[in-house]
C-alpha cells in the first residue's frame, strides 16, 4: 500500500492537534494509503526536538525550506502564523507537494489569490483547516440540502462565541494590529461560522457589519469613537448581516467576551421545507424540523449521529465525537483526495480564499459603514 | 376599596386574552383596587354579546364612542386593529380615561406621536401590550443590570421566530400591504424582541436591515428583485443589526417561516461582567453566567424563577408560568400605576412610540440599503 | 345557562390556587354552565373574610357544616388538611353535592374506601387534585397509548424532586409523624408521579421500596438504624420499583433534598413502538421517539403543545402553559363531567384510593423490606 | 525513555477501539514512557493480519499463549469474549505482565476472584475497561466529593439506555443464555452506571431488582410468567434499587429497548450540600447545584469541561471530548500506574470483581424476589 510521508511546519498548538489526527485518522479507515509522520519542523530547535519526540514524528528539523525540497516528502502541513503561509505554500506547491494549510489561509486576500493560482498550476491537492464543517451533523445537513429534502434556504443565523477575553487590552501591542499579524474575533472564530454558512448555502455576495474593539481608555465598554474599529485595529467581536447569491439572508455574531461560552459555534438555518439547528457543544446531535409533518408531531427532532460516522467500522469509535475525531475526519478527506484523485468535497485553497474575501468585506464594512460586495467564488 | 371599571374595545383574540388576565390578575395581588369587567365593545353585535357572556363582562356594546364617554368607566383597553388605535386613544384620553393599548401602538409613527402628546396632556396612565418583557426572568435581568451586577452591556442577539407561514401568498391582498393595515414579521413579532432589547440596554440609535417578502411568482425562495421588499409590501422576516446609544451593538432576526418554532422569542446578552440567555419556551428559567466565577465552576446557571413571582403569595401559583400569568403581571403593573401613581416601570405610550420608530427605521433601511438613524426617546 | 355555585373549604394555598382556576377556567371554554364563586369557608374568620375578598368569593363563612347543608350550593371543594377530608366529603356527598377534594384523598386508605363507597351511593361527580396529569403533553401521551401508536408499555421511570429541605428536622414534631397528620416526600410529591404512571400504564400491582428519613442525631446523612424509616415517621425521600398489571416494570424516586430542583416532575416511558419523555419544567414540550423511523432521522422530537389546548379558542391563551392554565383545565374537566354527565376522563375518588393504596404499599415495603401487593383498582 | 510493548488479544470492536487509544493517548501526555503497539493476536489469522495492518500493530499472531510468554512484551490487553478472560489473565499475570482487561472482568464472580488473587500475587498493574468514569465531568465530581464540597451523598439515580433492540428474539439462541456466554442489558450496560455509582459513593451493599426478558411467545411485552427472567436467560433490561454502605440509597435502570436512546448513560446525585447531573450525550458538561447559593441564583450551572483535561496541553485537544479522548485518558492512567507505581486512581481487578458481585446480586434478586446482599469490596 502506498505510503504518504508528511512534514509538518510548526510545533505549536495546531501542530500538536494535527499530530493527534494523523496518528488516529488513518487507523482502520480504508484510506488506500498509510500515513507516516516523517518530519516536524520548527524554527526553534528545542521546540522541534521535543515536539517530534512527544508527538511521534520520526525526525525533526528547523529549516522548512530544506524539508520542502526533500523528495521523500509527499505532504506539507502548514501550522505557522498566517503571515508565513504564502511563502511556505508557494514553495511546497512548486515542489509538487500536496498542501494542508491551517486557517486563515492568509491575513491578506491578495496573498491567498497567489496561493490559489499556484495550487491550480501545480495540480495537487490542497485543503484548509476549516475543521468544524466536518462534524457529521453539518455534513448531513449539506447532504439533505443537496437532495432537496430541506427545500430552498431562506435565512441563516450563526454565532461563534468564546470567553477568552478581549483581544486588545492595549491597542499598541502587535497582537492588536492587523499589520503586525493580528487577527480579531471576526476573522479568528467568526470565519468558521461563515465557512459553515457557505458550505451549506453557497456564496455570500455582500455584507454589512458592526465590529468593535476595546480601546485603551475604556474599562468595560466602547463608549466613544476611540473605541470604534479603525483600519488596522483588530476586533474583539461584532455583528454582520449578509445576502447570499441564492437570495437567502443571514446574520452573524462573533465575540471573545461572551461569559459562559467556552467554545460555542452555533447556527440555525430556515429553509422552505424544513429547518436545522447546530451547536458545537452538542455536536453529535443533528436537529431538524420539517414543514410537512403532522401538526401534533411537528417540531425539532434530535438525532444522535454518534454512530453514523461515514467511515465503516470507524463509526463505532464514534460513540462520542470529540475534537480529535473531527480532526481525523478532516485528514481522512484530505488523504482520500490525494489517493483517489476523485472529487472529495473539502475546503480547498479556492474555497478558503472566498472565506477570506468575505471576512475582508466584513472588516471594510465595519470601517466605512457601507454595504460591501464580495467577489463570486470560482466554485459557483 | 376603590373599584376600577374597564371597557374593552375589540372582542377578538386579544380581547379574550385580556379578559383572562383581568379575571385572574387582581386575585390576591394587593393592587389597592378591585377591577371590574364592565363593558365589552365590538362593532359586531353578535360578537360583542357572545364574547361578553363567555368572558365575564357585565355589559356589551357596539359603539365605542358612547362607552368612552361614560362617566362610570375608568379604563379603556384597546384591542382593535392598529389603524383604529389613534382615534380611540385620543377620545379616551380626552375623556380622562387611563388607556391600555395593544401593540403595535399604531402602524405609523406620526399617529403614535399624537397619542404620546395627548397622553402627556391628559396626565393619565398609559401602557402598551409588550407582554413578554414582564416575564420574571427578563425583569430580573433588568434589575441585575440596574444594580451593576452584570457590568456594561456589550452585545445583544435576539430572534423572534414562528412557523405560522408566509404572511404574503398574494402581494395584492390587503394583508400584504402596509397601506391597508398590514404588518409584517419584523413589526408584528420582531418588535417584541426590540422591546426586550431596549428594556435592558436602552435606546437603539441606528439600524441596518435586510427584510424579505415572498413575491407572487416565487414558489419557495426570493430569487429575484420582484421579491425584494418594496415601499408598501410587508415582510415575512428579516435580519437587522443596530447600535445602541450606550455603544453596545446588536443583531436581530424575525421570521414567520421557521419550521419547528411555534413561538420562539430568544435572546442572549453579553455584558462586561456576565451574560444572560432567555428563551420564551423555557421562560421560567433565568440563565446567567458571570465572568468572575472560579474557572472550574464558570458557566451558565439555570435558576427556576417559577416561585419567584414578585407579588406576594401569588408567586405560589407561579409553580409554572404561562401566558396567562405573564398577562396577569402586565395588568397588575398597569393597575398599580393607576392606583398608586408612583413610578411603576412599564411600557407606556412614549416607550411604544420609540419601538415603532425603530421598526420604521428597520423598514426604511431595508428599502434604501442605508443605515437609518432613530430619534432618541424621551426616556433617555 | 345553568349556574353552578361553588363553596370552597379552606383558605390556604390550595384554596387560593383553586380560586384562580375557578376565575379563569370557565372563561370562553364552552362548559355548558357558568361557575360562581359563592362561599369561601375557613374556620378562622379573619382568614375567611380576607381570602374571600381577595379571591373573589361572594360570601365567607366559618362553619363548613352549615355551608354543606345549603341548597344553593352545587359543588364542595375541599382544601383542608387531609385528616378532615373524610368527614367533609361524607357530609357533602350525603347532601348530594359534587365534590372536588385536594390530594391526598386521605392519609389512610380505609377512610378513602368509605369516601369511594359514599360517592358511588350518591351518584355525583367526584375528582381529586392530581393536577399535573392534565398537562397537554401527558394527556396526549395517554391518547397515543390508547390508539396503539406507542405499542405496549415496557418500562416507566419517574421522579419527583424538590429542594424544599428535609421534612423532619425533629422527629418529635407533629409534622414528622403520620399519626399527627404528616405526609412525607413519597406521599406528598411522589404520589403525583405514581398518578402519571397509572394514568398511562394502568394499575401498579406490587412495589418494593427504600425510604429514608433524616433522624434527630444525623447532621447530614442517614448513617445508622435510627435514621431508617419507622412505622410512624414520614420520609424525606426514597426510591421504589414496581410491577404493573400489564407486565411493565417501573422505578420511582422522590426527594425533598434535591438541590437545584425547584419542582421537577419527570418521567420517561419506553414502549414497544416508541418512547416518551416529560419534564414539568418544560411542560409545553411533548417529546417522543418512534422505533420505526428511518435510521438517520430517529430520535426524540420536541413538539410544542402550547397552541394545542383541547378547548377551542382557549388554546390561544395557551401560548405558554403555566400552573394556572393546568389548574383551569383540571376544573374544566370537573365541570364538564357535572354538566354533561358523560365519561370525562378524570381522577375520581376510586382512582385516588388506588394511588393511596400504592403509597401505603410503598411505606409498608420500606418498613418490612418485602414486596407488597397492591389491590386491583375498580377501574381495571 | 522507557518503552512499553503492548500485545492485544482480540481484533474485534474493542481491539479496534483500544488501538485508537494507544495511538493517540501517549502523544504529548508526559507519561514517562513510550507505548508501542507490538502484537495483535486473534485466533483467526486473516482477522489478525488485516487488523494489525489497519490498526498500526507491528506484528500479528494467532496463539496468545506464545505471545504472553514473550519477554519483550510488557502489557497484555485482553479484548476477547468474557469466558476467555480468566485463562488469559492468569497466564499473563503468571508471566509478570501488566494486564488491561475489557469489561466484564468475567461473567462469573468466582473466576474474577481468582484473577484478583493472581493479580495481588503478581504485584503488577491491572485495570478493567470501565471507560465512562474517566469522563472529566465524572472525575471532577469525585474530586468534589473527596474534598467535601458536595457534603454527604444521599440519593443516586442512574440509567443506561440503548435502542439496540431486544437481546433475545429466541430464548434458545446461545446469545440469550448465560451458560453459553451471553450477557444481558443489566450486565452489559447497566454495569457501567453501577461503576459510576460506586466510583462516586463507594460500595453498594444490597440490591433488589426486577429484570425482564422478551420471551419466545411475546410479540411486544412481557405479559406472563414465561417472560419472567429465569436462572439462565439474560435480560433485555430492568430496574433495581440499592443501599450503599454509606447509608445512601439508589435506583437504576437499564434497557436495550429505549427508542431514541442511542447511548444514554445518565445519572443524578443528590448530596447534603449539592447535587450533580451527568449525561454521556453531553459529556463535556459538568452540571452542579449547591444548597447554599443565594435563592435568586440557585440552580444547576453547566460548566464546559472541554478545556479542562487534566493532562497538560492535551487539554487543548479536548475542545471537544469524544469516545477516543475518553479512551485515551483511560490508557494514560493505566500507563502512569505502570511507570510511576504510585496510587493512580483506576478500576483495577479488585474493583471490577465488586461490580461483578453487584451485578450477580441484581440477577439473583430478579429471580428470587428477595433483597440480596453484596460482599464488601477490599477497597472499603
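Chains here go by letter, A, B, C and D, matching the order in which they are written, and residues are numbered from 1 within each.
Keep this in mind: a residue touches a chain if its C-beta (ideal position, glycine included) is under 8 Å from a C-beta of that chain, and two chains touch if they have at least 3 such contacts.
Predicted model only: the values in this text are computed from it and were never measured.
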Selected pair, greater C-beta contact count between A-C and A-B: A-B
Furthest chain, CA centroid comparison against chain A: C
Chain A and chain B, separation of their C-alpha mean positions in angstrom: 40
Approximate Å spacing (C-alpha centroids) for the pair chain A, chain D: 36
Averaged-CA centre spacing for the pair chain C and chain A, given as whole angstrom: 54
Numbers and ranges of chain C residues touching at least 2 other chains: 262, 285, 298-300, 304
Touching residues (chain side chain A, partner chain C) in the complex: 140, 285-286, 288, 295-304, 308
Contact set on chain B toward chain A in their complex: 151-155, 157, 159, 161, 163, 208-210, 212, 220-224, 227, 237-241, 243, 246-253, 255, 257-262, 268, 270-275, 289-291, 298-300, 369, 371
Contact set on chain A toward chain D in their complex: 13, 16-17, 19-20, 23-24, 27-28, 30, 51, 54-56, 262-263, 280-285, 304, 306-307, 313, 316-326, 328
